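Which chain is which? They are A, B, C and D, in the order written, and residues in each are numbered from 1.
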Amino acid sequence: MINAKLASQSHSEHQTIVKLSETVAFGGDELVIIGGPCTVESLEQMQMVAETLSTAPVQALRGGVYKPRTSPYAFQGMGETGLDVLAKVRSQYNIPVVTEVMSISQIPIVAAHADMLQVGSRNMQNFDLLKALGEAGKPILLKRGLASTIEEFVMAAEYILSHGNPDVVLCERGIRSFDNYTRNVLDLGAVAALKQITHLPVIVDPSHAVGKRELVAPLAKAAVACGADGLIIECHPEPEKSVSDARQALSLEDMLSLVDCLKPVAVAVGRSIAIKTGVDVKSAPIFCAA
Amino acid sequence: MINAKLASQSHSEHQTIVKLSETVAFGGDELVIIGGPCTVESLEQMQMVAETLSTAPVQALRGGVYKPRTSPYAFQGMGETGLDVLAKVRSQYNIPVVTEVMSISQIPIVAAHADMLQVGSRNMQNFDLLKALGEAGKPILLKRGLASTIEEFVMAAEYILSHGNPDVVLCERGIRSFDNYTRNVLDLGAVAALKQITHLPVIVDPSHAVGKRELVAPLAKAAVACGADGLIIECHPEPEKSVSDARQALSLEDMLSLVDCLKPVAVAVGRSIAIKTGVDVKSAPIFCAA
Amino acid sequence: MINAKLASQSHSEHQTIVKLSETVAFGGDELVIIGGPCTVESLEQMQMVAETLSTAPVQALRGGVYKPRTSPYAFQGMGETGLDVLAKVRSQYNIPVVTEVMSISQIPIVAAHADMLQVGSRNMQNFDLLKALGEAGKPILLKRGLASTIEEFVMAAEYILSHGNPDVVLCERGIRSFDNYTRNVLDLGAVAALKQITHLPVIVDPSHAVGKRELVAPLAKAAVACGADGLIIECHPEPEKSVSDARQALSLEDMLSLVDCLKPVAVAVGRSIAIKTGVDVKSAPIFCAA
Amino acid sequence: MINAKLASQSHSEHQTIVKLSETVAFGGDELVIIGGPCTVESLEQMQMVAETLSTAPVQALRGGVYKPRTSPYAFQGMGETGLDVLAKVRSQYNIPVVTEVMSISQIPIVAAHADMLQVGSRNMQNFDLLKALGEAGKPILLKRGLASTIEEFVMAAEYILSHGNPDVVLCERGIRSFDNYTRNVLDLGAVAALKQITHLPVIVDPSHAVGKRELVAPLAKAAVACGADGLIIECHPEPEKSVSDARQALSLEDMLSLVDCLKPVAVAVGRSIAIKTGVDVKSAPIFCAA
């Protein structure tokens, strides 16, 4: 049904593992949790984020420096200055960083500063960008388009794979619907389908999907239960002051609490969440009521 | 934002419990699993279903006797003969039954044979039916419309509540989208939202949502992790011979296996699945890989 | 592709003509314009509407007396009193009236007072209502469901046809989308498709489709150009005071002006708009700029 | 409601006119019809198209040489060789050409060969491309994204305007819906809304919207009646042999016939279609039945 060659399940009998660092990899039993703000705002901000998240099993940081904004008059991101912030925090806390690349010309500098290059929803079918990322030499986080079919999503990955880069992680982040009570509709059926269609790791962004912080936790648990290989979740030292997507960011405390609650769900489906701080899963709060 | 009165959270500080029988109730810690075929086809079929499912913690049977079909030439259900089948199986196996009612005139006879009356997606805004169900004297399973907003869904429940019937269970069953790889898109963000908006129990129908049996299990787990109060899942002694929705029905064996795998997910979010047969949750297969 | 029998084009080599009165018929060269308020509010209101519209080629009046409202606490319509209003205006101005029927029990009394029975979008797949309308003895105006496919729409008509009533007019009234700038999205591709699939007349409701009065005129013209057999347009003596859908109703003056502007469009596609008042199409304002 | 500055109606009390050549301009009384194949396949093909279309009031040619394809294995277009074809036909027949640009690096060469640069639906929010097109020095044809809101569409234009290029023409080409009977749903409500929101010209692509050639004509007429400033229509010397979108291309004969039928519709809404060949609109076939 889906005419992918390299992305198709039959290409590989074992799940593809995409390594972000020596110790962090997508696609294994261990889930990868990525946390951080929508937008890199300052070094202090990112240090606070890294300081707190590194006490929990959050394996990578996110933070946008090139921002796709509906309006040309909205803040477009810190650009190269933001990349320097990411590089400093990455080095200081020994944690991989993921950030978005919006055009071909940004690839070299972003690849020099970050561990993983994100393709945003609006660029999922920016085919020339996808082709160029085939030669980026870094893992790619490919977010599903706002109204892209599962087939189009897999074929977008195929563009990257067929141009030389085998390290693609797919990210379901909600699709558009008629109801604006939630920002988008998280399509976990697509996650389940993708796990059967392709050998590529599949992660979920519940923050952009639902757009309201009080609904992020149940969807994060659902994503893990459904078989996702990881999560990317927005959090911010002061969510209400976030320069973008303030309504959906968790506080850092809530982020830590959420990750604790995800552990038993992961175990329930035969997965685990990395234990950085020596906390045993058995001592984790077992009853994080839904 | 949502102008419900009786259905709103503030109406009740505690979760509403909807009782299906002396031992089966929606809204408590224990999840309710409803299983059975799309359509009641014969007494033998329903006895096979009940015989097998009663060995597992499936607390209620489903089976349609009045069927809403796109074509007037498709099988419209066994009607009253089917109600007799349901009544026999209900009595023989001491298990509650749920079945759909499509018009006001069917309410008395369906209420006399079944424990819970289902309103199908196509009738979610059949307001005269909803008003009449306010006086049905039986619990109502209200399925979300194919493209109904969360607000419309809650307000449809409000029609039933405001006409005298407090026993309404909401059921998310997938909404329409642009992608036909899956039949519909299961909207678990709506489930999470509904749990915060209303005190009514909320269950999930992963079978109609996804429309492919190989994708039902991951979505069922996701629904439990997300906080659903129960599930309604299609299963059939011979799925491929089902007169309707054959593509999405589980075999009875797969149904049993699925319920086993749901137990640890329920525990992980502070819930449980009823233990009928003395099987301890601790001995259940812990690693039902996602 | 669409498995209709009676509704399919091949059933009839000539367009079905649905007669509303001795002089008003859907499906011929002459377009049928239906005007009136969303809701019947009083005899005075409907008399004002009829008084003004009867000076223009508006061949039928609309006005709801049983209203499908999202909230049970919203005004549900005048009911039988409203039917009396319709009957009086119908008689006084010798103009056919169309009104919605929401349940089987309302069919006899509505059929006794109105010339055409409307099935609203929310009831398009209320199959028991459709079956009963097969025996209503009056023409049916079947509105497309909020998210119904073209196939489901045609098959809903097939329910009515196959139960004995050949007089069905289809009405496209906008479908749900992700964009709420307009209330719905008018699907004129569906109108074009329906004209090829079925021999039944197809009309368009631009008012509910777009939900903003300033956008009704261009869509009404588009519908005529596309091949619609008629229009149903909301208008009100004092639009801003309308008890429902105030935002989309035209004033009566704008309604008259719109009908004038539709005439040359109808002529441009080989159709005409009935001339009641002796006004020649040639003297109508030819340049009603789009 | 829509926070555009340069694109907003208030910026300009008169309609913006976008000139494609000395004699062809979007936004005036005269509509602009663009015709041609989805993909440039050979010089012979484009000469046949130009030869035929130049006998009718088709003011510009379309033809893709850089093709956005779902699969990386599908034909990606002739590239620079195709640009040479376009340039030859443009010169030979003295007709402007429009073609798509997919990446920043293609802008200079495309701008050197074509009169107007098209941004495809998948790139509507490729913001870096939009910024670069602000300095392209050529008019831009901006197609609406597959699931973009009206606001996003206008703000995408704002990116181009605010980066220095005032010559933007918007193109509605259908949005995604739940029904796959037609390829997309043409949103003429958006066209009507855009005509009120912005001073930029708005044209319509009925071919991609509906995806079936037998439905193109009624939608083209509807677009004109609705107030569109022009049309872009796919046609091909041998539609069934088209390398892409074969199902929706008109034959050249049908294209000529369609343009004839559009003339009276244009006149009916106070517009006109350019008369190249001395054919008077009064002698055009007046009754092109819908």
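Everything below uses one rule, namely that a residue touches a chain if its C-beta (ideal position, glycine included) is under 8 Å from a C-beta of that chain, and two chains touch if they have at least 3 such contacts.
This one's a predicted model, so the numbers in the text were calculated from it and none came from an experiment.
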| item | value |
| --- | --- |
| Farthest chain (mean CA position) relative to subunit C | A |
| Whole-Å gap between the CA centroids of subunit A and subunit C | 49 |
| Computed distance of Cα centres, subunit D from subunit A, in Å | 37 |
| Inter-chain centre distance, subunit C versus subunit D - centres from mean C-alpha coordinates, in Å | 33 |
| Residues of subunit D whose C-beta touches two or more other chains | 147, 151, 176-178 |
| Arrangement of touching chains [line / ring / star / complete / other] | complete |
| Complex contacts: residues of subunit C adjacent to subunit B | 3, 5, 68-73, 102-106, 122-123, 125-129, 131, 145-147, 151-152, 155, 158-159, 162-163, 176 |
| Subunit B residues within the subunit D interface of the complex | 147, 176-178, 180 |
| Subunit B partner contacts - residues on subunit A that touch it in the complex | 1, 147, 149-151, 174-175, 177-179, 181-182, 184-193, 195-196, 209-210, 212, 214-215, 218-219, 221-228, 264-265, 267-271, 286-290 |
